[in-house]
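Shared chain: chain A. Partners: chain B in the first complex, chain C in the second.
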Partner chain A sequence: MSTNENASFLEVKNLVIHYETDNGVVEAVNNISFKMNRGETLSLVGETGAGKTTTALGLLNLVPNPPGRIIAGEILLNGENLLKMSAHQMQKIRGSKITMIFQDPMTSLNPIETVGEQISEVIRLHNKVSRSEAAQMACDMLEKVGIPAERYGDYPHQFSGGMKQRVVIAIALACDPELLISDEPTSALDVTIQAQVLDTMRQLKKELKTSMLMITHDLGVVAETSDNVAVMYAGEIVEYGTLRQVFKDTRHPYTQALFDSLPDINKNVKRLIPIKGLTPDPSSLPNYCSFYDRCTKRMEECKKTDPAVVDVGDGHLVKCLLFASERSGHE
Partner chain B sequence: MAKMNTPAMMAFQKNQEKRERIFKKKNNSGEAASVPLWMESWRRLVRRPTATLGMIIFVVLVIMALFPTIIAPEGYDNQQYGRLFQPPNAQNIMGTDNLGRDVFSRVLYGARYSMGVGFFAVIFALMIGGTMGSIAAFYGGRADSLIMRFLDIVLSIPSILLAIAITSILGTSIINLTIAISISSFPHYARIVRAAILSIKEQEFVEAARAIGASDVRIIFRHLLPNAMAPIIVQATVGLGGAILSCAALSFIGLGIQPPLPEWGTMLSTGREYIREYWWLVVFPGMFIMLAIFSVNLFGDGLRDALDPRLKQ
Partner chain C sequence: MGRYVLKRLLQLIPVLIGVMLLAFLLNEIAPGDPATLLAGGESATPEKIAQIRAELKLDDPFILRFGDYVKKLVTEGNIGVSYKTKQPVAAEVAHRFPQTFKMAAISAILASIIGIALGIISAIKQYSFLDNIIAMFSLLGVSMPVFWSSLLLILFFAINLKWLPSSGFSTWKHWILPCVVIGTSMAASIVRMTRSSMLEVIRQDYIRTARAKGQVERVVISKHALKNALIPVVTNIGMHFGVLLGGAVIIETIFVIPGIGKYITDAIRNRDYPVVQGSVLVLALANSFVNLGVDLLYAAIDPRIRTQYRNMGKMKKKKAALPLGGKAA
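Our next item is the complex of A and B:
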């Protein structure tokens, strides 16, 4: 492992997560690999059920077990495999190195503790500080996310949705984590508040040099926040690249279809183009390309093999047979 | 993003400052929200007349139980054969009993035994039941089925019979009585705690607590149990009434507190023989049993509403 500054500090290799239920095995995450560099933001985009949240929970080793199980793969944080760690070691990493913001701020705060107590809880869990020092730090955190410190003693129900999400962000960032996972942090908020919250997050991220894994299905949020984008479909990353590569040089038919289904402000269209069909049932995924049944550019060969991941240039990865030829040219 | 160059933004900023000033003022006058939880709860509790009534009666009974030596006009075993079976009068406001003892003094001393046994029985039952219920709910799976089947077995024995069996095995003493009552009632607490925690542990803040690195013990005690407090308090207060009643019942049949100690049930038991002629021997202890149970139920109900910050107006 190289120790140079730009080396990726988080590396996920061939991660496979299944949910083993009575009705069969749900293949939620299939062989995902990605790398993240310090300070950068990676977005995981995809439909409901594409395995985004499961991937995130997998990073924290919090996949509900049973029924969930991490079957294979490695998650390397600074070269250490998180999946090999003891429960106790993992506990220390959660909150201090990796932390997570959940989708719904209404329910992700403990309703009977003051917000201040909840922020100082995480500080006291990971730092050896006294109660009053932790309270002071919690006040600072509140101010940082734009909430007056006087509201330290207020309960979550006294805050609006946007402010609650700010509190959640304050809790997540209180211990200066290396990686912040945000699971659709703004989908429960209305659009103006979304912009404010995203703004706060971006500012803090820059200030604290935190890396961020943004999970969302909102391509607008992706465009606004990310450096790199990974498009997930049926538990696989079908396209991966920098924001520019994925948005301007879209390759995979699924990503293309996602963009086509969005309204474009410059075009006058009567109808959007939806993606036909539904995501395949994750408990019985086909052994060929999982997007085949909905793909507009499908070919005969698509039904024969599961396509390999192809580098179409400068680390822009696509999992589609259409580009298989480019690969041979590349190598 | 460019900020604060439009007039609208500037106006907003100005308003913001004003709002903050108002907020601070509010804070200083003590009206703002940063009041400790118990103060808020207290305010909400006294706002409810029934709860207040229950609380007052309960507090009076607790004072009786704590300081009978100061309040009571006589000792509980002060026998005076010159005044057997005196009806209530100015000297002995609840009359005297078959041995010439002052019933009022005995009722006062009796509060100590009845309420004390009830209180500690509930505490023990809550500790055993609460722990088992939380473990069952939190870990689920095999732990859950093991614990719940065990509780089913205990519950299948009628609780008063179980208590009778335990006191006959352990012998009659105040501590054994307390143990017997708590063992016969802890499955109820375990079930309530389990049900409450099952619904709470699915909420996102529990997962969020895990995501910040909280341990299982911490999650149970800081996040789950406090949120499950409302049903637990209700069960505990109803259970306190039940425990006082069980204590009285066991003493009544002679397995609890032994005479001459003036437990209310024991007093009922001895007064039973004279009930036709001397009603005051049973009416007053019986009335106090009723009052105790009545007051804890009212108080508990009010407490549940008061302790829940979400119900705040």
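Our next item is the complex of A and C:
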């Protein structure tokens, strides 16, 4: 446990994750670094295929292997490198210190176990309690996420999508995690249910003082939930800062393009501006700026070098040549 | 659940009637004449043949004979009397079926244990050396004809090493060779089935959830993956078992085991219709029970199927007479 409450308890340094397939190496996560403070919510934003989920799975060391492999980097939780841990040590971290809510609640619960059993499983794994105590704790957890405890013995197919996601949340929060990773927790749900589920998450997060890594492509969700935002593109973090910095003082052309492609209720916009082109093929990324091909502000130099990360003020990091002159390179 | 079972047992009645009718019809249209065979072949006098035909009521119309058969079955529980030996079929089947059942059961258990275990190893060590070795052996197991592997095993264990008897069925030692032969060929297909089913399940999100809980890999595989992967495997085992109950004629012949398979093939050769009908009836009943067992096993594994059965039971609230299935077995 860290003595300083404000010290970043999670630090990811130069993480590189590749999928090595027969058709070549897919560079899913390329040299990303970020820090998280206790109690903070960091959003990881980006298009499909930007490497958000892979990053999250990397934190749990659950990248499917083969074909996935963590090539380099460090993941420090309270100063301890998770990537150096034995399988056994890692099992103790998963489910208790770092937990994860997965994207699709329909498939992330075991169809042939009762939901109660699935919650108490994680409780028994990380706490020295008897079966009946664990069951009681699981019932409490169910109540906390807004499901009556009587439904302990029901099976996943007897629940709706939103209810299933609540069960998944209960599993993730059952052992009072330090870090909760939620991988697009609401994208598979109806809009009305989305708000409910987000509410539940926010409430519980506050109650348990959990830090959260929120993975999403929904900028609305980001605005509602996060303290800090990291924008990912082609496996890299292209812009990082506080919610205000990224939303109000947008720097990177990609982030700007993301905002431009959203409807704004205050403006009478007839036509949205899409981002032209496609994300680059992650199995053959260019050695220059990976956003070059789609960038509206590209310059000659952009094709010559891979831009360094620049601090444009108060920890607002941007990986773009446009800002290279503002501050000295940040590594 | 009880209602579902009751419903399934009631469904046996039309099934068995259908089976009887088919068996009767097949005998009717099959070439050859039992009376001629009983009288001693083509050289027998027409009078003799006619006399036997009359004795066996073979000249009666089809529908009369079928009605007579069903009547005897229902009123006396008589499934027929052999033309050839004049012995009741039920007695002979009661004597032979346990042997076949024993062989099928031991083989199936053996095959399930080996097949599922190797299938799991194959799946979790996909593309490894071990996986390839197992794939090779299962290919061998599927493609090797049982008569050949039987003969090889007899040659090696019975004749060269003299460890095991080559034929008969009196002690447990007699059962080893036939059950190993059937068991390995059956295990081979179970291995493939378990492997592919496991591979599919292992990729599921809930397996990732289990791992994300910090569950140890052994439990992830045995508790979360295996149970979900078992359903198609159970079907496969049930089907094999059903086929085996029909008797493994080749094995029974090689190892001189008086099973039901040999009984039926002999009866067919002799045009001993009552024997064929009676045995087929018993086999149909046995197969139906195996199927019911498999379906109940599904329900035991999968709560979704359990719910389905419960709903199915609710739909029909009719009460009916005692099911026929209660009597036999």
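The rule we apply is simple: the second predicted complex is superposed on the first by the 324 of 331 C-alpha atoms of A that agree within 3 Å, B and C clash if a C-alpha of one lies under 4 Å from a C-alpha of the other, contacts with A are read in each partner's own complex, and residues count from 1 in each chain.
Assume contacts are C-beta pairs under 8 Å (C-beta built on N, C-alpha and C of every residue); 3 or more make two chains touch, one makes a residue touch a chain.
Nothing here was measured: the structure is a model prediction, and the numbers come from that model.
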Overlay on chain A: chain C relative to chain B, clash or fit: clash
Between chain B and chain C, more extensive residue contact with chain A: B
Chain B versus chain C as contact partner of A:V238, first or second or both or neither: neither
First (chain B), second (chain C), both or neither touched by A:A135: neither
Chain B versus chain C as contact partner of A:V222, first or second or both or neither: neither
Touched partner set for A:P148, first chain B, second chain C, both or neither: first
Contacts of A:L258 with chain B and chain C, given as first, second, both or neither: neither
Touched partner set for A:A188, first chain B, second chain C, both or neither: neither
Which superposed partner A:G95 touches (first chain B, second chain C, both, neither): both
Shared contact residues on chain A - chain B and chain C: 60, 62, 91-96, 99-100, 102, 104, 107-114, 121-122, 125-126, 155, 157-158, 168, 171
Chain A - residues contacting chain C, complex: 60, 62, 87, 90-96, 99-100, 102, 104, 107-114, 121-122, 125-126, 155, 157-158, 168, 171
Partner chain A, residues of chain B touching it in the complex: 1, 20, 23-24, 27, 32-37, 141, 203-205, 207-215, 218, 222-223, 226-227, 229, 308-310, 312
Chain B-touching residues of chain A, taken from the complex the two chains share: 60, 62, 66, 91-96, 99-100, 102-104, 107-114, 121-122, 125-126, 148, 150-155, 157-158, 168, 171-172, 175, 199
Chain A-facing residues of chain C, complex: 204-206, 208-217, 224, 227-228, 301-304, 307
